[in-house]
Structure formats: structure tokens, C-alpha cells
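Presented sequentially are two complexes of subunit A, the first with subunit B as partner and the second with subunit C.
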Partner chain A sequence: MSASNLHMYVMAAPLLSAFFVNLLGRMSKAWVSGLTLGSLAFSSVASLLLLGKVMSSGGFSYTVGNWVPPFGIELIVDHLSALMLVLISVVALFASISALKSVERELPGREHLFFTLYLILIAGLMGLVLTGDAFNLYVLLEITSITTYGLIAMGRGRAPLASFNYIIMGSIGACFYLLGVGYLYLMTGTLNMADIASILPQMDGGAAIATALAFMLVGLWIKMALFPLHGWLPNAYSLAPTGAGLIVAPLMTKVTIYLMLRVMFSIFSPDYLFIANPLVQSGIVWVAALAIVCASSLALAQRNLKRMLTYIIVAEVGYMVGGAWLANSIGMTGAVLHIVNDALMTLCLFLAAAAILYRTGSLDFIHLQGIFRKMPITMAAFTVGAFAMIGVPPTAGFFSKWYLILGGIEAGQWAYVIALLFSSLVNAVLFFRIIEIGYFFKEGEHHDHTPRNEAPLAMQVPLVITAVALIVIGLGSGPLVEHIIKLALPAGF
Partner chain B sequence: MRQLQQRVETQQQVGESLITQTAVRLLVPFVQLFGLYVIVHGHYSPGGGFQGGVLLGSSFIMLGLAYDQKTVLRLMSERTNILFGNLGALIFTGVGALCAIFGGLFLDYSALDVLIPLGPIEWRSFGIFLVEVGVGLAVMSIMASLFWDLGSAGQMDEGL
Partner chain C sequence: MSIQTSIWPLVAVLVSLLGAIPIMLSDRNPNLRESWTLVAALTKIAIVLSLLPHVLAGGGWEFVIAQVVPGVPLVLRVDAMGMFFALVASILWFFTSLYSIGYMRTLGEHAQTRYFASFAVAISATLGVAFAGNLLTMYLFYEVLSLSTYPLVTHEQNAEARKSGRKYLTYILGTSIGLALPAMLIVYSITGNLDFQDGGVMAGSGASPELLALVLVLFLFGFAKSGVMPFHGWLPAAMVAPTPVSSFLHGVAVVKAGAFSILRVIFHILGPEQLATANLGWIVCTVAAVTILIASLVALTQDNLKRRLAYSTIGQLSYMILGAGMLSAAGMTGGLLHIAMHAFGKITLFFCAGAIYVAAGKKYISQMDGLGRRMPITYLAFMLGSISIIGMPPLGGFISKWNLVLGAVNSDQMILLLVLLISSLLNAAYFLPIVYRGFFAKAADPVYEEGIKEAPLFCLVPLSVTASASLALFFYPDIFVTLAQLALFP
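Right after this comes the complex of A and B.
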């Protein structure tokens, strides 16, 4: 066992156990939870070790099968990808503890099928974070998307239709990305990101390369649901089985934003993106500002907790895209920090929603009356998550939003700053409305007092840990930025 | 003997025509053999796991078209099919992980020399063969189950 393979073990553990879950879970359900939790716990520990190694001795590149890049497949392990790897495996571990419980309730007898897809999805996300090859990125993007289509279609009611919409939109996005890669391949003759980046500055194929960039970005924007292209997300995420929402909502959009950063800075350069085309740069920040405002307004119109959360996800995508395109190091820091924070905040809120759904069977606002009395621990954790989403110090959400706003001011993008403040206010209204309904409204007349009826321990423990993590990461965001994220920023920042 | 005759008769009842059935019955063994040939020679001649897997899968599709789906499912049940698919994918990832565990990089087959000393270069070739077998099994299973699911709208009844 050589230690240079550490990141491969992180990725191989869920992938291998996915097939064992399918084979053995068919015979006995006990295998499903054991293998899922075991492999994800292993991945979490290994990814933490990997992050420690990268922090002490710097990033490295890895060749699969020992074929020299650019001919072989290259994997890049640097501060950013090691951080993302930790994020994915830890979020997946906590999500699956709760998901095991809700899948048992919602999809009885189909656990092994669900968790096979679930584990392949996680392995695909890890692969996306590691890859240093533009075409492999496409393949892994499709692996994650196809498993997500399957997971969403397992839901009840209109879920298959939502999944079908997602298939159409997702395939269009993937085609755009692939077209972009095709253009780059025509121009440079290589698919390795570092190799493309070294060839591009010497070329003068202006229009073709700009087209490639545009295709790749639009493809990724469809996949990450940036506002005008977000149509598939709310239905797909809110109709999916609860267990699928737990993993898909915190990770998919965030990993796609990471991919956008990779395309922007590992293939293209800040000079090309920002300095050569300042109009494009500020245009995209405007689109992001519009996305934040529109998605937040749409969230106001929702009458169901989960649907409201899905619109907040769309708004958060606008935060991070805007932050990445502000073209200064504070904005970039904010965007990367927000990837981490938003994954945890979304996880916290979705875990709370899963716990409430498990006990009450509905997430409509009218059914949330008296929920604080019924599930005090769940709702306390939910409140922490809500405060983080609003951006109340000292929760994690405050610090990344602070960086984003500072970045916006430094870049002089006032529309983006105003959009961020507007969205924070809307989030405050959204969440205080739920807190008001849950805390002050009495449940219907036929119940004098509501008995305490907490969610099972397996759903509470990950929820409480995530809520505590939100505060710990908020307080620790100084060291986090100083020791990891500063080093994770692309060259030139 | 009578049982066999009865079976042949029921098979002929549900099928389309005697000519296609006889032709398919003669063809299937050769298609499958050719599929295996393509898989086994895939690592140093045109072909490989995917192409061979498609050939193997198409033999089941032909049977399903000439007879009906129930007949095919009697020959290879859905359970066995899923088992093959899983096993195939497991062989691929397992070989990759084994290479890493035995001291090489992921999918660097020459590391498996520790296991059976064939020489690193020979192992590079043999490792691809192992992976191709996995790919072949997985593709065969997916081809067959795609056809079965789409052909019977997920009901696994007579089908087309």
C-alpha cells in the first residue's frame, strides 16, 4: 500500500462498496448500512489525512496507470481539490446516516438499489474534484448526472417527470460542455487541462477559443442551475426521495461551481478571462446579481419548506458565480469559502427537513405549526442552519458573505453587493416566517398540547453535528482561509 | 421426450415464425462465441470489452425478438443478469484497486507482478485483458437489461 494512492482510496472505497451493496444488500439489509457507512467513514478519514499531507508538503499530480500526461490521465491533488474531497466525503457520511433511516421508510425493499446509485454518485463527485483532464471531467459529470436522474426518479408522484425534465436539461448542458471541449481539442490537439493551458497563450484562434469557453461555461451553468437556466432544479430536488435530496442538494451545485473554477483557471487564465474581456466579466457578475434577486424573490412565493430551500440553492449559486467572476482575491476567497459553507448549511437545513418529514409527513408551512414544541432539538439545529443561511455571526454563512460583499465593493460591482444584501434580507424574512409559524402558532384546535415527538437518533445526531460544525467553521474561518483557501486560490490571485 | 415436444410447441406458438426462430437458434451460439473472441483478443487487436459485450448482449436481444422475453428470462434470469453486471464493474474497479494495494499506482497493472511473477510488461497486457472481461460482462448485462426493460415497459412479461 503506497501512500501516494491515498486520494484513489478515498474515491475507490465508495465505488467498490457500491457494487458490494448491490450484490450483498439483495440478501440482507444489514449489509447496506454497514457497507455504506463503513466506506464513507473510511473515505472521510483518508481524505482528512490527504488534506494534512497536502498542507504539509504541497499538492501533487498523479497519473492513473502510470502513463505520462498529457497522454495518460492526470489527476490533480492541490489544496482546493483536497479541501473539496474532505467536504464531499464528510457531507456524504452525515447525509447517509440520516438517509439510511428515511430510505427505509420511503423505499422499503429497494435500499440496495438506492444506495448503489448513491455511492456511485459520491465516487463520481470525488472523481470530478480530482480530475485534471477536460474530457474525463465530462465523463464524470455524466456519471454523477445519470446516477442523480435515477435517484430522483425513485421518488413518488411526479418525481419521474421532474427527473425527465432534468435529463433533458442536463443532457443539453453536457452537450454544450462537450462541444466546448471539442473546440479546444481541435485548436490544441490535447485534452489535458495543464497542457491546454500551456498551449493556449501561444495561439491566436480568437473566435474559436472564445466559443469554446462560452460553450463550456453555459454547459456548466445549466448543470449548476444558474438563474435563467435553473428551471429543472426546484422540482427535481423537492420531489426526489428525501435521502437523495440530502446528498444531491448540498453537493451537486457546489461541485459544479468548483468545476467552473477549474475550467476558468486551470484551462484558461485570469488574464484571458478578466483583462482581455472586461465587459464579459462584469456582464456575468450582473447575471449573477440578477440570479440572486430573482431566485430569492421566487423563494418568497413558496408554501413548502423543501421547495423554498431549493430556490435558496438557486440564489446561492448566484452568490458563488458572482464571487468567482469579481476578479479579485477577496471575491475568490469568498466564493471558495462559500462553497464549503453553503454545502454545510444546505446539508443542515435538508437534514432538519428530513427529520421533520419523517415525523410529521409534510413540509407545508401550515403543517409546521407547533413544531418547536414537538421537535425542539431538530428545530434548534434548523434555526442555526437558518441563521447561517441569513448570515448571522458567528455562524459560517456570515463570514463567506462578508468576503463576497467586500469583494463586490472592491470590484465596484454595486449591483452584486445590493443583490447580496437583498437576498440576506429575504432569507431573514423566509426563515423568521418559519420560526414564527413553528414557535408561536398553536397547532389546530383539536390539539391542546402537542406531545414531544423527536426524530430518531440516527437523524438527530448528524443534524446536531452539522449545526455545531456551522458555528465551529464560522469561528474558525480565519485559520481556514489563512492555511487552506489562500493557498487554494488559482495562480495570479 | 413429450415434455420437450410440448416445450417446443409452446415456443413455436408465441414466436413469430419458424424461419426466424430456427435461424436465431443456429446463429446465437456463433454470435456468443464471436463475442467471447472479440473480448479475449481485444487488448491486442481491434475489438475489446465493449464491442464483445455488445455482441453477447445482442445474442440475448435476438432470442428475445425471435421467441419472447419469458423464454430468454428462463435462460438467463434478471437476477443472474444483474449479478453479471455487478461482477463486471467490480472486476474493473477491483483490478484497479488491487494494483494500488500491491504498491503501484491505480490501474498500473505492472504492480500485479508481485501476485504472479509474469514480468511487468506481460502483466500490462494481461491486466488489460482482465479489465476487458469485466467491461464485457457489464456491457452484456446492460445491453440485455436495457432491451428487456424498454421492450416490456419494465413489466418483464412477454415483451415485444
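Right after this comes the complex of A and C.
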């Protein structure tokens, strides 16, 4: 096993086990959990090793099957993609421990089907962060989208409809992206990102290149649910089976943000994006600010925990898009750090929601009364996740917000700064409303009469670990930024 | 001046936090659980005292917890000002713990484990605020303090508690996120660091007076725990909490953390000299003076004893802020000293209010006529506490008020002198009648003549000790005065 192939192992493990889960999982459920957890644990270890290697000896590019770029498929392993690989595999691992339990309850007899899609989705996400080819990116994006459509459609009730909505919107987004790639191919004659990037500055492409950029961005914005293109997300994520939500909610939007960064900086350049077109740049920050404010306000109107969380996800997308377009290194640091933090915060909250749902059968606010007494450990972890979302130090969420706000101040984008503060306050209201409901009791009920009824250990353990991780990463955000994220920033920052 | 690296400041902060673990594990054995609380409290005092001599000698202690943001680590640094607050908080926590045991058990309160655990977290956070070495660290502990006191404020878990809890968080969290956080980020974006430096980290940064004024106002209202109007409404509402919570948190730890934070910012972030040059002291003084007068007037009208104490606290907190706002040596000393003097006085008053509730079940002043004859010790302590707050000799409160008066005279601000005098009269007007009616008025309820006697010893001893301490502080204020001098004029 050669160390230079580590990233291939990371990606291959879930992909291969997807097939075996499908074949062997029919015979015995033990195969499903064994293969899923085994392959993801393997990926997690391998991705950590890979990150260590990148930190010690720098990034590298890898040509699949030794076909030289620009003709062959090129994979890029640098600080940013190695970090994303760790994030994806670790989040997937923890999510799957809990998901195994909830899928067993919600989709009895179909576990092998669910986890086949689940593992392909993860392999697709890993491919997305590695690829150095604009067209491959499209293919992998569709792999992850199609598996997600399937996973969501396995939910009950109106889930198939929500999935169908998502298919329509997702396909439109994919078309936009593909059109953009097409333009670029026409102009440059290549699909390799690095190749395009080296050709573009010499070209006087004008409108065609601007159109390509616009199409690619809009395509990705639809996929990441940037307000006002978010319409599909709340239904899709809240009606999906719990197990699907656990993986899709923390990772999909975050990986798409990563793709936006790749398009912005591996294909185009800061010069082109920020200096040549300052109006576009500040316009996008304004849209991001609007997205944050509107999505936060919409979250206030929800009466169900999971739906509320989905609107928060939409607001958080605005955080990161805004941070990436602030055009300074502090904002960019904040955006990348927030990708990591937001994935973990969302995971923490969705794990808690899954545990509550498992025991109480409902996530409507009125059914959460007295939940602190019933499930103290789950709710303690939920509270940590909530504090991270609000941005209470020393949880991780505070520090990425710190960089984002600071970047906003430096760029003089006051609307964005105010939007971030507004959203923190709204998050405080949102989560303390739930904490209050859970802390108090129904009329006439008393805490002595409410029995403890904690979630099964398989759901508690990943939840508690994630909650602790939020604090540990918060306290360790100095070294994290210093040794990884600073180096992961695109050239020129 | 030598700063030594040591882990003990961290231990001092964490000891009560770690104490929360055995407290929760001893859920089924109340005696054991309370022993843990007391052990943690005593350990805390011991550690703080062991750090004291070096600080008195002009040195300090430092411990870096984590590197979180470039130029701004999470760091504890024990300097004279932090030691000042830590000393007050840790000593009073011990007596509050004793008092809590008596109070909670006599009333048979529910969820006592949660109560003691939250309390332990809150005192950890308080010490963290005291020992914080920079603004970010202080903000962190300030927020932890806000959040850990929520379960205490809402302890009763009824509709009123829910309402008060909501109000509490809205004011405290809303201002800290909405005002203090952006102010801190603005300072950081100008200076690139948030250290507490003598003379202020922003001194010499070349910030315009307008910007300084903006930052000052954001901080002044951002640390709403100090109860400056119009962000004071949470404090009377929070009186729904059990009395030990009101006495310690809303007489000492929480509210003083607010005032302390504002003083820190004025002394060590913005810098008194810079503020004086930019002529911005009047903003602070005006806000504080208005708060003092209105709060004292409102206190007169309150019949609920704890609410009257709450409004009195709002007024007294602004004394500290007023002193800092004078930007003169005596004024600032008086402001800082008032943190300690007021703490000992006010906690006594709250302890007495709780003792009256435990022994007689009374909350309203109008029902307390004649009660003093049945509870002489409690009422005597109440009298001492009142006199200290009013600022008359021979109690500790006189010393801080004297300095404040000097500060007003020295800086030729006669209007502030007038405010101080009027307020003292109002303080006397709302406190002394309680004592008088307790001892001399005809009993409101004939039952008083037989059934009622003093509260249990666990309540009585702490309130006697804090009352005596108030008295002693008049004769031996040296340690606090020295620390205040060291903090302000190193």
C-alpha cells in the first residue's frame, strides 16, 4: 500500500463497499453495518494520514492511470482538499453510526438499499473535492445529486414530491453549470482546471468568459441553496429519512461551497473576480447578507425543529458565500473555517434531532416539552450545538464568525456585518425557544413524574463526541487556522 | 513587576467547574453533595489567597489556555484589578454556599442538584471574568456566566420563571452579542490585539473621538449585566430566582461582572487619559447619574423586598460606573472600591430577605411590621448592610462613597456631587423604614408574637459574618485599597 495513493484508498473504500453492501446486505443486516462502518473508519484513518502527509510535505497532483493532463483525469490533493476529505469521512462515519439505528427503525428491510446509495454519495463527495477537472466535477456533482434524490425519496409522506422538486431544481442547476463549462471549453479547448486557469489570463474573452463564470456560479448556487434559490431545500431535507438528513444536511451545501471556491480560484483568479469586477463582488456580498437575514427570519416562523434547522442551513450558506466574496484573506479564512465548523454544528444538531425523534416520534415544538428531563445527555449535546450556532465562545461557531465579521469590517461591507450579528441574535432566539420549551413542562406535569428515556447508545455516542469536538475545535482554532487553513487559502490570499 | 507563568489561576477558575461533576454524581446523597460544594469553595479561596501576596508585591500570574485568534490567545492573567474582584467573589461564594444549604433544604426546593451544579459553573465563569487577560477571554467567561445562570433564574420552572428567564436572556445576550461583540471586533480591527494594558490598548491608536465614543457607548450598554438604564429591566425580573441566587449572582457575581467589565474596558482598553483628552467622560457620567437617580426613586415605590433590593442594586452599580466615568484618581478608586464594599453590604441584605422568607414566609415589606422583634439578629444585620449601602460610617460603604465624593469635588463636577448626596438620602429613605418598622411598629400579624423565630443557623451565620465583614471593612480596608491603587496607578 503506497502512501502516494492514500487519497485513492480514501475514496475507493466507500465506493467498493457500496457494492458489497448491496450484495451481501440482502442476506444479513450484519454485513450492512459492518461494511459501512468499516469502510468509513478506514477512510477516516486514511484521510487523516493523508492530511498529515500534506502538512509535512505539501500538496501534490495525481494523474489517474498515468494519463497526463490535460487529457487524463487529474486529482488535486492540497491542504484544502485534504481537510475536506477528513471532514467528509469523519462526519460520514459519525453520521452512519446513528443512521444505522434510525434506518433500522424507519426503513426496515431496506437497509442495504439505503446504505448502498449512502456510500456512493460519500464516495461522490470525496471525488468532488479531489477532482481537478471541470467536467469531472459535473459528473461527480450529478452522482452525488442523484444518490441524494434517491435517499430523500425513501422518506415517508410527501418525501417523493420533495425529492421531485429537488430533481427539477438540481437538474436546472447542473445544466447551468454544464453550460458554463461548455463555454469555457469552447474558448480554451480544455477541461482541466489548471489548464484553463493558465489560458484564461491571456485571452480577451470578454462576455463569453463572464457568461461562463455566471452560469457556473448560478448552477452551484442552486445546488447549495443560496437564497433566493433555496426553495427546494427545506422540504427535501426535512422530509428525507432521518438517516439521509444526517449525511446530506452537514455535507452537501458545504461541499458545494468548496466547489464554488474551486471554480473561483482554481479556474478563475482573484484578479479577475475581485479587481476587474468590483461591483459584482460587492453585489454578491449584498446578496449573501440578504440571504442571511431572510433565511434567519424564515427560520423564526417554523414550528418544527428539523424545518427550523433547514432554514438555518440556508442562512449559513449566506455566511460562507459572503465570506468568500469579501475579497480579503480574513473573510476567506472565515469562510473555509466555517465550512468545517458548520458541518460539525449541523451534524451535532441533526444527530440530536435524530435521537429525539427516535424516542418521541415527533420534532414539533409542542412535543418537546420537558425533553431536558427525559433526555438530559442528548439535550446537553444539543445545547452545545445550539451555542455553536449562536456563536458563544469557546465553541467553534464563535471563531469562524469572528473571522467573517472581521473580514466584513475590513472590507467595509457593513450590511454583511450587520446581517451576521442579526443572524446570531435570531439564532439565540431560535435555540433558546427550544431550550425553554424543553426545560419547562406541560401544565400540570412535574419533573418528578417524567421518567428518563435516553436515546440508544449508538445515537448518543456520536452525538456527544461531536459536541465535544465543537469545543475542542473552538479552542484549537488558532493552530487549525495557522497550520492548515492559512495554507489552504487560494493563491493570492 | 514580574509576571509569572503558573497553572494556578486556571485551577482557581476550574475548581468549581470540576466540582460540578461530583456534585451531579452525588445526586442521591445531599450531605455528600453539599460537602463537595463547600470543599470546592474553600479550595477556591485557598488558591486565590495563595496568589495574593505576589500580586500585592506588584507582580502577576499568567496562564495561556489556547491560541485561538492571531494576537489574541485565551489567557488568564491575574493582576491587581482581577485579584480584587476574585477575592470578593470567592469569599462570598463560600458564605453563599453555606446559606444555600440552609435555604434550599428548609424550603425543600426541587432539583437541588441542578441548582448546585449551575451555581458552580457560574462562579467559575465569574472568576474567569476576573482573571481574564484580554477582552476576548473576558467576553468568553461573561457569556458562560450569562448562560449558566439561566437555569438558576428559571429554577422554579413556572410561568413567571419562564417569563423572567426570557427577559433575562433577551437583555443580557442581546446586548452582549449585538453591542459588545461588534465593539470588541472594532477594537481588534484597529489595534490587532485585545490585551488589557495600563493606560489602555487603544491609547495611541489614533482613533478619532467619534470612533472612541461609539466604542465606549457600545461597551457601556453591551455589558448590560451592570444594569445601566435602559438595559436594567432584567434585574428586577430575575428576582424570581431563589434568594441565594439573587444574593450572590444578582448582588455580587453577575452584576459586578458587568460593572467590572465596563471598568476594565475604560481602564485598560480605552484608557482614562485618552477618554479625558477626547472629553468623553461625560457620556459615562450622564448614563450612570440618570440610572442612579431613577433607580433610587423606583426603589422607594417597591413593596416586594427583593425587588426593592434589586432597584437599589441597579443604582449602586452605577456608582461604580460613575466613579470610572469621572476619570479622576479618587473617582476611579472609589468606583473600583465600591465593587467590594457594595458586595458585602448587598449580599447581607439579600441574605436577610431570604432569612425572613424562610422563617416567616414574607416577601412584602408591608407585612414585615414588628418582625424585627422576633428576628433581632437578622434585622441587626439588615441595619448594618443598609448603613453600608447608604454610605455612612462606620461601615465599609463609607470609604468608597467618600472617594467618589472626593472625585466629584476634585474634578469640579458639583452636579455629580449633588447626585451622590441625593442618592444617599434616597438610599436612607428606602432602607431605614424597613428596619424601623421591623423593630418598633405594631406587629402586622399577631402570629409574629409567638410562632416565628430566627432562620436556621445555616442562614443566620453567613448573614452575620457578611454584616460583620461590612463593619470590619471600614476599619481594615487596606487590602482592597492597596489592590485598587495597584490596579489604577501601577
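As a convention for this text, the second predicted complex is superposed on the first by the 486 of 493 C-alpha atoms of A that agree within 3 Å, B and C clash if a C-alpha of one lies under 4 Å from a C-alpha of the other, contacts with A are read in each partner's own complex, and residues count from 1 in each chain.
Going forward, a residue touches a chain if its C-beta (ideal position, glycine included) is under 8 Å from a C-beta of that chain, and two chains touch if they have at least 3 such contacts.
In this text the structure is predicted, and so the values were computed from the model without any measurement.
In the superposition on chain A, A:V417 contacts subunit C only, with no contact to subunit B.
Of the two partner chains, neither subunit B nor subunit C is touched by A:M203. Legend: residue contacts after superposition of the two complexes on their common chain; A:G474 is shown touching subunit C, with no touch to subunit B.
By the touch criterion defined above, A:Y439 lies against subunit C but remains apart from subunit B after alignment on the C-alpha atoms of chain A. Counted by residues of subunit A touched, the larger count belongs to C, out of subunit B and subunit C.
Judged by the touch definition given at the top, the superposed model places A:I168 against neither subunit B nor subunit C. Shared-chain residue A:T63: touches subunit B; no touch with subunit C.
Within subunit A, not a single residue is touched by subunit B in the first complex and by subunit C in the second. For subunit C in complex with subunit A, the residues that touch the partner chain are 65-70, 73-74, 110-111, 136, 139-140, 143-144, 147, 151, 154, 157, 162, 165-166, 169, 173-174, 177-178, 181-182, 185-186, 188-189.
Against subunit A, in their complex, subunit B makes its touches with residues 82-83, 86-87, 89-90, 93-94, 96-97, 100-101, 103-110.
Per the touch definition, subunit A reaches subunit C in the complex via residues 387, 390-394, 399, 402, 405-406, 409-410, 417, 421, 424-425, 428, 432, 436, 439-441, 447-448, 474-479, 481-482.
Interface residues of subunit A, counted against subunit B in their complex, comprise 1-2, 4-5, 8-9, 12, 15-16, 19-20, 22-23, 62-66.
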